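One structure is given here, and the rest of the page talks about it.
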Amino acid sequence: MSLVVRKYIPQLIVSVIIVLSIAFYYLYINDSVAKGLTTADKALSDWAVIVTSFALIVGGVDILRYHLTKIRREGLRQAPFSAVTISLLAIMVILALIGWYWSYANPKAGITITTQPQFTWLYSNIYAPADSAMYSILVFYIASASYRAFRVRNPPALLLLVTAVIVMLGNTTIGGLIWPGFLGLRDWIMTVPNTAAFRPITIGAGLGTIILGLRLLTWREISWMGRRD
Amino acid sequence: MSGSISLGKILESRELLYTLLLISVILPIIHPLGIPIAVSARTKAVYDYIEKNLKPGCHVYFEIYYEVAARGELEPNVVALTKHLFDKGCKIVYGSLASYGVVVFNLLKSTAADIFQGKEYGKDYVFLGYVAGGESAAASLAKSIKGTVSTDNYGNRLEDLPLMREVDKATDFDLVIIASSGTDTFAYYVRQWYTPYNVPLLFAALSIIAPSIEPYVGAKQAVGMLVGQRAGAEYEVLVGRLGLGMASMDAQSTSHMLVLAFIVIGNVVYWSRRLSSKKGGGK
Amino acid sequence: MKAAKSLAIALAILLLIVVISVAAWFLKIQLYNPKTPLSGFLVLIGLLAAGYYYMSEARAGTTYPVRKIPAFDAIEEAVARSVEMGRPVHMTFGYGSISSSMAPQYVAGLGVLSHVARMCGKYGAKLIATLGVPEAIATTEEIVREGYYSAGRPELFDPAYNVRYFTDQQFAYASAVQATLIRENVGANIVVGPFYAESLIFMEAGNMVNALQIAGTARETQVPFFVLVADYSFIGEEIFAAGALASGDRETLASIRGQDIGKLLVIVLTVLGILMLLGGLKLADYLNWVWKVG
């Protein structure tokens, strides 16, 4: 029984979904069948959204478990940080629930989960700046990574460096002051050689996905299920 | 030689580079240098396309698919395009396949309030809000917007909005603009809007994403592409409303130049070390 | 015997598709979507058939050589090195929703995780698997548990330490992973799956603690960062092959040959397309045919 639940049922679901996805995309027969297929396809992705949403609850519980264990093990040293995480998590959930309540209790007020005033305030004044700040950190990392990576160790590295310099100058207004041609050259590098290098990776990844699909379909790819026996 | 090695160590410290970089980004934003910007052929082509093909009263679908973090790069593009479209007398239906699209659209409306001023909600523009379901949702919207969602982001019934009585399916639109920080979104629209319905698509993408969606533009599946912050700044110049894009261009220029300088210094230090160790080996 | 039987089943399925299609054509039934080019469908079926053929050949006893992937071989070295230094091993496979076109890359990441987990069990390394995919928490725990249990070291498995879900929000996840890398002072940083802008954040954080870094993604925009900064990298489709390599199973490995057939086909079509362009013809015009009856 356990083997059926742990191994065969998940594999069967995966196989059926793969076949259905292909059928939804290619089959037609007549207008009403095609419409039915589209509806089924939309339903399938709606299910995925629903499953994902429930998984977020599991995620919330997992975060709580992690932090409570950490507080228990490390005591006061960890407690303030975990307290911030846990309380913010709770506050966002409560505010969203209030918004949800109002969207039903008084729809005319126009308050929903995402437009609940305090929720929006926290989102735009705490989450958004923090999120942007993390993204901005990339500026520093790109700088230090390129500083290390663009060392002329051999002729191909020199080629890489020259290309990088042209693209960087093309991206700036100062580059245009030095030589107006940088802009056109940057566009050429990005649209011709760069795209040519990207396409095989995309094609290869697509082929890899198809063969991964075959292994899933024939029940040979089992690593994603965890236990093997 | 020890002098150059210790200098190399100082130059190699992350802290020095990070501090200088921070200064080079912040200073030009506080004190703009006002370096003139040339408009690239790609951006001009997009501008010309809209000038030539869109007539007053035309309809545009605008996909807003980027998170707050990508605002700096994409919002200048979206604002400038919106201004251009409104100036041309177009009507716009905004929608988002990402949940955070709702937040960035509200931020966009507050930062570009002057553009939306005088435009009536429901008649000149509509915001559908978040439409869940990824690619399937994109396919469903192309078939029928009203068949996919019944209300807009603010809970109004779509039938009650005058603009939504004029448009419903992909072919009702004269142009579809996708502003996205992800790669997949562009593919969704190519597969679900362009391939079956042949609707003209226009892309606004992050610089880093641009190369991976370049094949669509090359294959003429999109009429053009605005790439990153620079394109935003260029478009601001074209539509005559300088904003966030132009303000950040100086910072982009100075920071790029600083990184270039460090790459040069890094190579000088690297080669001086390599040559000195070779000499040492010879002894 | 078993190989012949499964090959017969596959052939029967193919034959069934052909018979239904031909019958539909003669009965004037619009079987396939008139808006979707059918050439793609044929290529898909062809590649699946080719992959399956090689798999059944392998089952019958044929061995196909597979090129070595240095990044895959480096995993064992990275784990052993971490144990020597007394530092933990970190592995992550991305964030976001598993119900997207990125799903195959998550599956590939899980395949690599199962290999890493078994290596950690073998050498007695502490593994920290971080993730931003809530749907995969249970699977990740299972994989890590299996890694330690199969090596006979159940005492090393501690779910609250080994498996850490942070959030499904991109940069919150990135900052949490970055902090984990630095605070835990990891000895190896293995990053395989679909990655976005956070890829470089992970690489630089790993670099700060001098971890041995192995990274891979099939997202072409992030490949350059991994290639430049990581010590070893899986480029593009190699991450899908990693799962097959990890299984060590001859039959699973043989499926990769199907991928090569696909590549050959792409090369032929590209060359043909260029030649036709010289003659003023576009290959795409000849490949866009759709099923239209009446």
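The letters A, B and C name the chains in turn, as written, and every chain counts its residues from 1.
Definition applied: contacts are C-beta pairs under 8 Å (C-beta built on N, C-alpha and C of every residue); 3 or more make two chains touch, one makes a residue touch a chain.
From a predicted model like this one, the values you see are computed outputs, not experimental measurements.
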Any chain that touches subunit C and subunit A: B
Chain occupying the middle, per Cα centroid: A
Pair of chains whose C-beta contact count is the highest in the structure: A-C
Separation of mean Cα positions, subunit C and subunit A [Å, integer]: 16
Inter-centroid spacing, subunit B versus subunit A (mean Cα positions, whole Å): 18
Geometric centre distance via CA averages, subunit C-subunit B, whole Å: 30
Junction residues of subunit C - those touching two or more other chains: 36, 99, 170-171, 197, 220-221
For subunit B, residues contacting two or more additional chains: 14, 67, 69, 134-135, 211-212
For subunit A, residues contacting two or more additional chains: 45, 49, 131, 134-135, 142, 144, 148, 198, 202
Touch list for subunit B against partner subunit A, complex: 14, 17-18, 21, 25, 35-38, 40-42, 67-72, 99, 102-103, 106-107, 130, 132-137, 139-140, 143, 154-155, 207, 210-212, 214-215, 217-218, 227-228, 230, 249-250, 252-260, 262-263, 266-267, 270-271
In the complex with subunit A, residue positions of subunit C that touch it: 29-34, 36, 38, 41, 44, 47-48, 51-52, 55, 97-99, 104, 107-108, 110-111, 113-115, 134-135, 137-139, 141-143, 145-146, 150, 160, 164-172, 174-175, 197, 200-201, 203-204, 218, 220-221, 223, 225, 228-229, 235-237, 239-241, 243-244, 246-247, 249, 251-252, 255-256, 258-259, 262-263, 266, 291
Subunit A residues touching subunit B - in the complex, by the definition given at the top: 38, 41-42, 44-46, 49, 103, 107, 110, 112, 114-115, 120, 123-124, 127-128, 131-132, 134-135, 139-140, 142-144, 146-148, 150-152, 161, 164-165, 168-169, 171-177, 180, 183-184, 187, 190-191, 194-195, 198-199, 202
Subunit A - residues contacting subunit C, complex: 22, 25-30, 34, 45, 48-49, 51-52, 55-56, 58-59, 62-63, 65-66, 69-70, 130-131, 134-135, 137-138, 141-142, 144-145, 148-149, 198, 200-205, 207-218, 220-228
Of subunit C, residues touching subunit B in the complex: 35-36, 99-102, 170-171, 196-197, 208, 219-221, 284
